[in-house]
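Letters A, B, C, D, E, F, G and H name the chains as they come in the text, with residue numbers starting at 1 for each one.
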Amino acid sequence: MDPKVSIIMGSTSDLPVMEAAAKFLNEMQIPFEMNALSAHRTPEEVEKFAQNAHSRGIRVIIAAAGMAAHLPGVIAAMTTVPVIGVPIKASLDGLDALLAIVQMPPGIPVATVGINGAQNAAILAAEILALSDVGLHQKMLQFKEDLKKKIVKANEELKAIKYDYKV
Amino acid sequence: MDPKVSIIMGSTSDLPVMEAAAKFLNEMQIPFEMNALSAHRTPEEVEKFAQNAHSRGIRVIIAAAGMAAHLPGVIAAMTTVPVIGVPIKASLDGLDALLAIVQMPPGIPVATVGINGAQNAAILAAEILALSDVGLHQKMLQFKEDLKKKIVKANEELKAIKYDYKV
Amino acid sequence: MDPKVSIIMGSTSDLPVMEAAAKFLNEMQIPFEMNALSAHRTPEEVEKFAQNAHSRGIRVIIAAAGMAAHLPGVIAAMTTVPVIGVPIKASLDGLDALLAIVQMPPGIPVATVGINGAQNAAILAAEILALSDVGLHQKMLQFKEDLKKKIVKANEELKAIKYDYKV
Amino acid sequence: MDPKVSIIMGSTSDLPVMEAAAKFLNEMQIPFEMNALSAHRTPEEVEKFAQNAHSRGIRVIIAAAGMAAHLPGVIAAMTTVPVIGVPIKASLDGLDALLAIVQMPPGIPVATVGINGAQNAAILAAEILALSDVGLHQKMLQFKEDLKKKIVKANEELKAIKYDYKV
Amino acid sequence: MDPKVSIIMGSTSDLPVMEAAAKFLNEMQIPFEMNALSAHRTPEEVEKFAQNAHSRGIRVIIAAAGMAAHLPGVIAAMTTVPVIGVPIKASLDGLDALLAIVQMPPGIPVATVGINGAQNAAILAAEILALSDVGLHQKMLQFKEDLKKKIVKANEELKAIKYDYKV
Amino acid sequence: MDPKVSIIMGSTSDLPVMEAAAKFLNEMQIPFEMNALSAHRTPEEVEKFAQNAHSRGIRVIIAAAGMAAHLPGVIAAMTTVPVIGVPIKASLDGLDALLAIVQMPPGIPVATVGINGAQNAAILAAEILALSDVGLHQKMLQFKEDLKKKIVKANEELKAIKYDYKV
Amino acid sequence: MDPKVSIIMGSTSDLPVMEAAAKFLNEMQIPFEMNALSAHRTPEEVEKFAQNAHSRGIRVIIAAAGMAAHLPGVIAAMTTVPVIGVPIKASLDGLDALLAIVQMPPGIPVATVGINGAQNAAILAAEILALSDVGLHQKMLQFKEDLKKKIVKANEELKAIKYDYKV
Amino acid sequence: MDPKVSIIMGSTSDLPVMEAAAKFLNEMQIPFEMNALSAHRTPEEVEKFAQNAHSRGIRVIIAAAGMAAHLPGVIAAMTTVPVIGVPIKASLDGLDALLAIVQMPPGIPVATVGINGAQNAAILAAEILALSDVGLHQKMLQFKEDLKKKIVKANEELKAIKYDYKV
């Protein structure tokens, strides 16, 4: 079983945030890998990774980084595989990481999700893979359907609250 | 007793903030309802809600949302009933939710209150209803009067503080 | 014909922005007035205005202000008539005025619209008045319907654009 | 020839920015369509569009919006087709649109690119389509290669600049 | 002994911050008073206070407020007595209060100090009073001198830290 | 005639903003001086200036600076004469200068006015001087009175605008 | 004559800003080179450049970049030669570039100067080179001395301004 | 052994952040000193320090400051020794200190590192010293090499995590 999604982070301090991505991919039975790479500390490893990703069968890369977050953009520059960037909240409420990931110059896009949005990154990866995988597409339709159940449950909780003038 | 105000939120995680709205409406004896709806998860429910709100007798809608807060604007787009938006602080100190609610494009206003301003949303709803409800108008005049009492109490506390050169 | 909406601004420099509010109210045949008041320069006039607004038949107040924008909040403090605040862009891209209007303390809400959102303020005022005016309600339903026409026109323009691979 | 990418915008005022996306798709010979839709003005059209997109063969949606930018998120909520969001600079330097698009709640990702990043959105769309289109993959590899030429040209210009102490 | 400085706040929740102002005035033996006033809840009291301040012998007013902080500006509008504004950190890290106090329109200045800068407000008040009070001027010169002692103490602490290569 | 107010700036590029301060002081017949000083380029001159200011009869210092604006704070550190800081808009909309002036550490206040608020700085200076100058106090009362006239004029302009439904 | 400073930029659009750096180095007779490199478009060239810089005699690297500015950090990661980063104002007033350059993770510093601060970058480079170059050190002392002349000139201009009450 | 690096801070409250700089210098066996100085409280000491730094053998100055952080810029103005500024997070998430340090006016650069970036400041200092110290240059090359080990360790931790679909 070859991995189709590669989750990349620069340090294990990002792991508590990023495991939400791993869990979602696992739930959707999408084979994935997790790697530590750093745009700054292991640039050659990043280059090797990016240049081999497509031929290894990687179809989506999820790259997380905080502060002056360069990893997603640097990887995106070296591959045609779509790169999803996850800004990690480490300082300035994550605004620095968000801007350092999303404001890429012309020619090198990074598909950016919200601050600490690891699960959303995995959902986006699944949506991309589902374009050519009918079974996964069905699962994603089911997932979208299941999202509504939280609302049903929320409504039940709201109904349980009593006030004299609440109807 | 039909509800006149509808408090909408996307998740019960907003409840600790939004119950201040429920309490104020209850105190003012304004019949209200509470619903969970999501612009993203249950768009058809949102549409049904918005399109029936006026005919069901709803006169003000209070909609709370955090992050990329779309719910108040999406509801406002589908009804002529005034929509009051409450930005919930969930990330970036609530600034993302504030901008995503208040900066509506031309044609679709949302009456935005401050970040986590649930009680103020309910007061604003009451002011709107009081325009055609003399009894409620009296209550609101009384409420405004009562606000001053906090100042009286604050003054008493400040007087109780002793310094050699405090007069 | 008594005015039902009062448009307030602190200086005629706000007029180029605020005339969009006047035009909308005029189009909807809602009687309105325009006044210059300043929370800082004419506080007694503000007080007199706010305290008489309801008995004079004013049902919605639209108050515009820029920079450290105090006018909407100060008026809101002195009346039960709903106050809609319009942050005027005069410095810091209007962010100062937005925060100075929307972040009101508990007890005194201001229904804030977007930066320079004069037309939206007038639409919101019309929505509030339409709650007890069937004719205006019909007009507002029509207005909402008409908003779609811009989209139809936009679609026509987009269709007129030719590219080899545009379908 | 059925369109594979759908470029959506809420108003033709976004066209000067968004035509960079159309040009890139055209250059890459990717069949695409352009539509005007508004999360606020034509919610039913948005819903119809989003629910039929996949069965019509649309594989990527590029949605542009400014201010309290709801369109990308609302579409993303209704389809499993990946949605790329383009924040349009209309106020607050585009920061409001950026936050209103990227900070999506859990479950509904939008692949956000930089402010006014229309071309990057099209490149990202091409990268996604290239995952299952060998010919397009070749073109994208070539495109990445061509990006370097700007640097070569820049170097020539820099060499042409003369200073006494410039080597 | 008539008060020369008046410390004003809108709620006793500001007291933990503002007592640093009281302590400094007390230390400098400057007679002062503390009052609770609210631009929104007790506008007439604010007016009465502001208009009588000068004739009562008040020479500096220190006004604290958080969020959409209107109190300092509203008082400054009604008196020629210098008003020092203290932005209180209650939301958005205090940035809303800072902008709502400092960005006053032309004609009505507020002498703004830093967020939660209560002691600095009192020092500024003392500097103003010292202009016509030789004894206080001497004390302020001494206070400035004493500020250096913290540096001396800090140097001692830094010297006590040992590293092999610390000289 | 000895100067009572000293207007300080770091460069003549600040002059177009700061002349509003000079004009107001001149109008109020307050003797003043204008000097160029730089916290960075002429630190010894700044020190000499600050240490002699009080004995030369200077009673208020108005210091303008942009970007990483150090001048007001550095002067304030070296004198007991009140220092009014004017943040000049040179980059980042003036937010950098505002924060670099207003957020002074404990012990050294700067009385900060709004971005480019030169006239307000002069008014604040006049208010401080008026505490011990009955004639100036009268002029300031008159100035406050005159501010209302702009509102009267604005009202006349607003009345001159005709709409069918404007009352 | 081998270059000691290397000025790097990603595009000739940065040249109008960066030529201030070239001019200063030229004036100081410091041999320098100018190169176009891109962290995204020519990563291998960046790597080659960074790894050879020290052995080629480069002692300071000045790297400019806008938006999600990765170039300075990526170079800094691959060399022990000090890297000075210049954030270029291209969007969001340059705040995105500033944060993407200055907020580097632990281990890889970039010596960041202000937005568009090209000349300051060159001055900083000269200060570093002057540590081991007595002649350059003398020039830098002279440069610091010359900075004061602007103040003298500014003072002359301020003296030339006449007001009745200006002393 | 004379110190080559001087670590300066305004208060011992900055010590918990700044000791990371001391530890790194110590590890690299670079002789350093630590001093408390304040741009505001001990300006003459700052002046004396800055003017003697070069002749005392100081080759790099690391200056930390929070809020309206003037210390690094004021020192940089008085010496040709390179000054590295460390913005300390004390209010507004450190954004005030960052802007007050990095946005220096033309002529006086401060080499700014990230918020609380004490270790990075020391690394930068070591890089500068290594330009004329072959032994230190070797150590810095080794340090850069060692940074990669964290990535190796992170990869081991990531491999130890088991999911059914993790490859």
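Operating definition for what follows: contacts are C-beta pairs under 8 Å (C-beta built on N, C-alpha and C of every residue); 3 or more make two chains touch, one makes a residue touch a chain.
What you see is a predicted model; the values in this text were computed from it and never measured.
*Asks:* As a test of understanding: of all chains, whose mean C-alpha position lies farthest from that of subunit G?
*Replies:* B
*Asks:* Between A-G, A-H or A-D, which repeats the contact pattern of G-H in over half of its pairs?
*Replies:* That would be A-D, since it shares over half of the contact pairs of G-H.
*Asks:* Can you compute the centre-to-centre distance for subunit D and subunit E, using the mean CA position of each chain? Integer Å is fine.
*Replies:* 51
*Asks:* Using Cα averages as centroids, what's the distance between subunit D and subunit H in whole Å?
*Replies:* 41
*Asks:* Per the centroid of Cα atoms for each chain, what is the distance between subunit C and subunit D, given in Å?
*Replies:* Spacing between the chain centres: roughly 34 Å.
*Asks:* Subunit F: which residues touch two or more other chains?
*Replies:* Each of 10, 38, 40-41, 67-68, 91-93, 95, 102-104, 107-108, 114-115, 147 in subunit F touches at least two other chains.
*Asks:* What is the complete set of touching chain pairs?
*Replies:* A-B, A-D, A-G, A-H, B-C, B-D, B-E, C-D, C-E, C-F, D-G, E-F, E-H, F-G, F-H, G-H
*Asks:* Which residues of subunit F touch subunit G in their complex?
*Replies:* For this pair, the touching residues of subunit F are 1-3, 9-12, 15, 19, 22-23, 25-26, 29-38, 40-42, 45, 67-68, 91-93.
*Asks:* Enumerate the contact residues on subunit F facing subunit H in the complex.
*Replies:* Those residues of subunit F that touch subunit H are 10, 38-41, 43-44, 47, 66-70, 73-74, 76-78, 91-92, 95-96, 99-105, 107-108.
*Asks:* Quick one: which bits of subunit E touch subunit H in the complex? Just the residue numbers, please.
*Replies:* Going by the criterion above, the answer is residues 93-95, 114-116, 147-148, 150-151, 153-155, 157-159, 161, 163-167.
*Asks:* Give the list of subunit D residues in touch with subunit A in this complex.
*Replies:* Subunit D reaches subunit A through residues 54, 59, 80-82, 84, 98, 102-104, 106-115, 117, 119-121, 123-124, 127-128, 130-132, 137, 140-141, 144, 147.
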